[in-house]
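The first chain written gets the first letter, and so on, giving A, B and C; residue counts start at 1 in each chain.
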Amino acid sequence: MSRIQHKKKVDKIMTALFFAGTAFAVILLVAFIGFVIAQGFGEMTLDMLSFSGSGLGNMLFNTLYLVFLALVFSMLTGVPAGIFLAEYAHQGKVTHWVRMAIETLASLPSIVVGLFGYLAFIVMTGSQWNLFAGSLAVSILTLPLVTSVTEDALRNLPDSYRQGSLGLGASHWQTIWRVLVPACFPRIMTGLIMAAGRGFGEAAALMFTAGMSTDINWNNWDITSASCPLNPFRPGETLALHIWSLRTEALHPNAAQLASVSSAILMVLVVSFSLAARYISWRLDKKMGGTNS
Amino acid sequence: MTELTTTLTGYAAQARDDAHVRDEAAAADITQENTFDVKGLNLFYDKTQALKNINMTIKKHEITALIGPSGCGKSTFIKTLNRMNDWIENCRVTGEILFEGRNIYKEVDSLALRYRVGMVFQQPTPFPKSVFENIAYGPRIQGISNKKKLAEIVEESMHQAAVWDELKDRLHESALGLSGGQQQRLCIARTLAARPSVILMDEPTSALDPISTQKIEDLALQLKEKYTIVIVTHSMQQARRISDRTAFFLLGELLEFNNTVDMFTKPANPKTEAYITGRFG
Amino acid sequence: MNPIEIAVKNAHRDERAARLLITICGIGAALVPFFIGGFLLLKGSDTFLIFGHSLGEFLLSGQWAPSDTAVGGGHVGAAMFLSGSLVTCGLALLISLPLSISTAIFMTEIASPRTRRLIQPAVELFTGIPSVVYGWIGLTVLIPFLRHFFIMPYGFSLLAAGCVLAVMIFPTITTMSADAMAAVPKTWREASYGLGATRWETISRIVIPAARGGIFTGVILGLARALGEALAVAMVIGQMKVFPTSLFLPASTLTTAIASDMGGAMEGGEYSAALWTMALLLFLLSFLFIFVIHRINRASQLKGRA
C-alpha cells in the first residue's frame, strides 16, 4: 500500500517537474521574443529606418537582396540535388556518401563556411568584399535544407502520380518535371521560406565575404557602379552583421538603440517567415487530409 | 536505335491522324489479327520466378480477362505488356512479347509502346492538376501543344469515356476533388486521350462502389469496338460479364486460356473449375 | 519523321540531358564539403608544413603567440581556445539538457494534443532566431543580470556564454528528443500501464530507453551547433586569451578567436595560418559529429526519420 502511494507520489513530483521545466523554457522563450520586439520598437525612430548613411534601411535592403540571391543559388543547386537523391540516385554507396556529405554541410559551423567563402570567392577571385560572395556563402548554408526538403517532398508524393504518368508513356524526366515537381512545389516553397529565415540571421558567414560596410546611392542605377543598390558586386553589410559590428565598433553614438532596432526587425522577419512556412505546410496537410478521405 | 523507333512508331502515327489515315490503319489492322503474341515469357524478381513460360495470344477488339488468386502473377503479367516493370530493380524478363508483330523488348521503344498501350490502375491515379490538364497530359507528352487541338482531344476522350456530361463544367477544377468513380473514368479518358490501341486495366473497379463499377464495365464494352482491352479482375462475375476470353493464372503459370463462355461452363482444368466455383481464392 | 517519332526522340534526348544535369548538381552539392575540407586542409596545414609546428603543440600547448608575419617563429598553442570551446559546450549542454528533456517529455507524454500543437511550433520557432540577436540580448540583458547576482569582475564570462548557447541549442535537442519519443509505439506504453506502472515509470523505463538514439542524436546536433557558434559567444565571453579557469571569468573559444582575429591577420602569415588550422579543427569536429550520429542511428536502428 505504502509502496503504491510512494510510486504515485514520485509520479506526481516528476510530472510537476516536467511541467515546471517546460513552463520555464517556454515562458523564457516567449519573453525573449517579446522583449526583443518590444524593446526594438520602443526605441525606433523614423530616422533610424531611413535609407541614409546611418539609417538601417540600406542594411535591410542588403539583407533582403543577399538572401534573395542566396535562395536563387541554393534553389538552382539544392532542388536538382534533392531530385537526384529522390529520383535518379540508386540506393548504394555513392548515394550514401552524397547524403552524408550534404548532412555534413548542414552541420558545418557558419564561420567555417564564411572562411571558405572568403578564400574561394574573395581571395581567389581577387575581388573586394561583395554581396555576391556573401550570398554564395549563405547559399552553401541553406543548400542542405533545400535539398532535404525537396527530397522528402518527392518521396512523400503518392506513387500513383508516378505510375499514372509513366503509364501514359512519359519519360522519367517528363514525369518529374510535369507532374512530380509541380505537385510538391508548395513544399519546396516552404523549404525556401525556411531557408530564407536562416539566411536573414546569418552573420558569421558574411563577416569575411559580404563585408562590413555599405555605401549605396539611391539615385545611382548604373548597375556596374559600386554604389548602385542592385550591383551585387559591391560590399553590403546586412542587418545581422550590423548588430555585430555595432557591438564591437561602436561608431554611432546611439549604437545600442540601433542594435536593438536591428534585432527587432530581424526578429520580425524571421518570425514572420517561419510562421508563413508553417502556415503553408499546415494548409497543405489539411488539403491532403481532405482529399484522401 | 533510330530505325527501331521508326518502325515501331509507324502505327502510332497512323492511329492519331485524320479519318482516311485511320482507315489505312484499320486496313493494316486486318492483316494483324493479334494484338499481342506472348511466347515463352518468364519473369524474375531477383531469383524468384513470378511468371513461368507464358504463351498467350491477345486478339484485337476483344476483352481479355486475367483471373486468378492474389499473387498468381496476373498483375505482373499485365504490367509486362507495356513494360511498366522496367522500373522495378532486379526485374528480368526472358521470352518474347510481340505487339502487332514486333518484339516490345527489342524492336519497340518503351515510350512509344506506352503511347499505344495505355494503362488504367487499380487505384485511380489522377494528377494534382485540373481535369482538363489531366486529360491533356498524354497528348502534351506526345508533343501536341496547339490549344485548339488539345481541347478537341480532351472533349472527344471525355465523350468516349462517358464523363463529358458529368465533368464538362468542372474542367478547370482539381481532379483530386472528384469521387473515386469519376476519378477512375477520368483516368480512362486520360488514357484514351493518348490515342492508344490497347487499354490495360489492372483491377480497375476493385476500389469502387457497385454503381461506379457498373459504369466502368459498360464503358469497357463500348470501348472494345475501337480498342483491345486486357483486364485483370478479382471478380469471376466481372470476367464473365464483359470478357470474350479469359486466362486463368495460378502461381505464375497460365493454367488455362479459353473463350469466356467455354471457360466458365466447361473448364478443362480441375483447378480452374475449383477457382471459378469459388473453392479457393 | 512523324510527330510521334519526334516526341519520342525529344523525350529521350531531354531525359539524357536532364539526368546528366541533375546528377551533376547532386554530386556537385555533395562535393562542396569536400572542397571546403580541401581548402581548409590546404590553408590549415601551413602551420605544420611551412611554420614547422607540431600537432602536439597546436592541440596541447597553452602558449599562443603566433607572429603576424610570413617568417613565423611564434607559438601556436591553441589549447586554451579548444578547452574554452569544450567548456562552453559542456556548460551549455548541462544547462540545456534537463530543460530540453523535460519539455520533450511534457510535449509527448503529458500534454494534451492541443497543448502540444501550441508548444511544438513555439519551440521550433527558436531554431531560426539569429545568433547575433541571442548575442545582443546576452550582452544587454544577461550580463548585467549576472553581474548583479554573482561576484564577477566583468559579467563577460564562460557562464554567460554557456547560458546563451544553452538557449540556442534548447530547441534542437527538444525537437529531436520529442520526435524520437513520439515514435515509440503506443502499444509499448499501453503494455506498461497495463502492468500497473505509473506514468513516470513508463517514461523512465520504456519511453526514454526506447528513444535513446534520437535523444543522443539531438544532443550531438546541439553540441555541433554550440561548438560552431561564433558571434553570439564572442559577444558575451569577453574574449580574453586565457584558459577557462573560472565560470565567472572571460575566456575564448576556437570560433571567437577566428571571428575576432582573422580580419586583422596578414594573409599568408603564421597568425592567419594558425587560425586556419583552428577552422580545420572545427571542420573535423563537425564531421566527427555526423559520423557519430550515423553510428548511433545504425546501432539503434532508428531509420527513416529526418
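Just so it is clear, a residue touches a chain if its C-beta (ideal position, glycine included) is under 8 Å from a C-beta of that chain, and two chains touch if they have at least 3 such contacts.
Note that this is a predicted model, so its numbers are computed, not measured.
Under the contact definition stated at the top, the chains bordering both chain B and chain C are A. Chain pair with the most C-beta contact pairs: A-C.
A centroid comparison over C-alpha atoms places B as the chain most distant from chain A.
With centres taken as mean CA coordinates, the chain nearest to the overall protein centre is A. Averaged Cα coordinates give chain B a centre that lies 55 Å from the centre of chain C. Each chain gets one centre point, the mean of its Cα atoms, and the points for chain A and chain B are 48 Å apart. Chain A and chain C have Cα centroids lying 16 Å from one another.
Along chain C, residues 11-12 each make contact with two or more other chains.
In chain B, 111-112, 115, 141-142 are the positions where the chain touches two or more neighbouring chains simultaneously.
Shown for chain A are the residues in touch with two or more other chains, namely 170-171, 174.
Per the touch definition, chain C reaches chain B in the complex via residues 1-12.
Against chain A, in their complex, chain B makes its touches with residues 82, 84, 87, 89, 111-115, 118-119, 121, 123-129, 137-138, 140-142, 176-177, 187, 190-191, 194.
Residues 11-12, 14-15, 18-19, 21-23, 25-36, 39-40, 43, 98-103, 105-107, 109-111, 119, 121-126, 128-133, 135-137, 139-141, 167, 170, 174, 198-201, 203, 221, 224-225, 227-231, 235, 255, 258-260, 262-263, 267, 276, 279, 282-283, 286-287, 289-290, 294, 306 of chain C are the ones that touch chain A when the two sit in their complex.
Note for the complex: chain A touches chain B at residues 90, 160-161, 163-171, 174, 178-179, 182-183, 291.
Residues 7-8, 10-11, 14-15, 17-22, 24-26, 28-30, 32-33, 35-36, 76-78, 80-81, 83-85, 87-89, 97-105, 107-113, 115-116, 119-120, 123, 140, 143, 147-148, 152, 170-174, 176-177, 194, 197-198, 200-204, 207-208, 240-241, 243-244, 247-248, 256, 259-260, 263, 266-267, 270-271, 273-275, 278 of chain A are the ones that touch chain C when the two sit in their complex.
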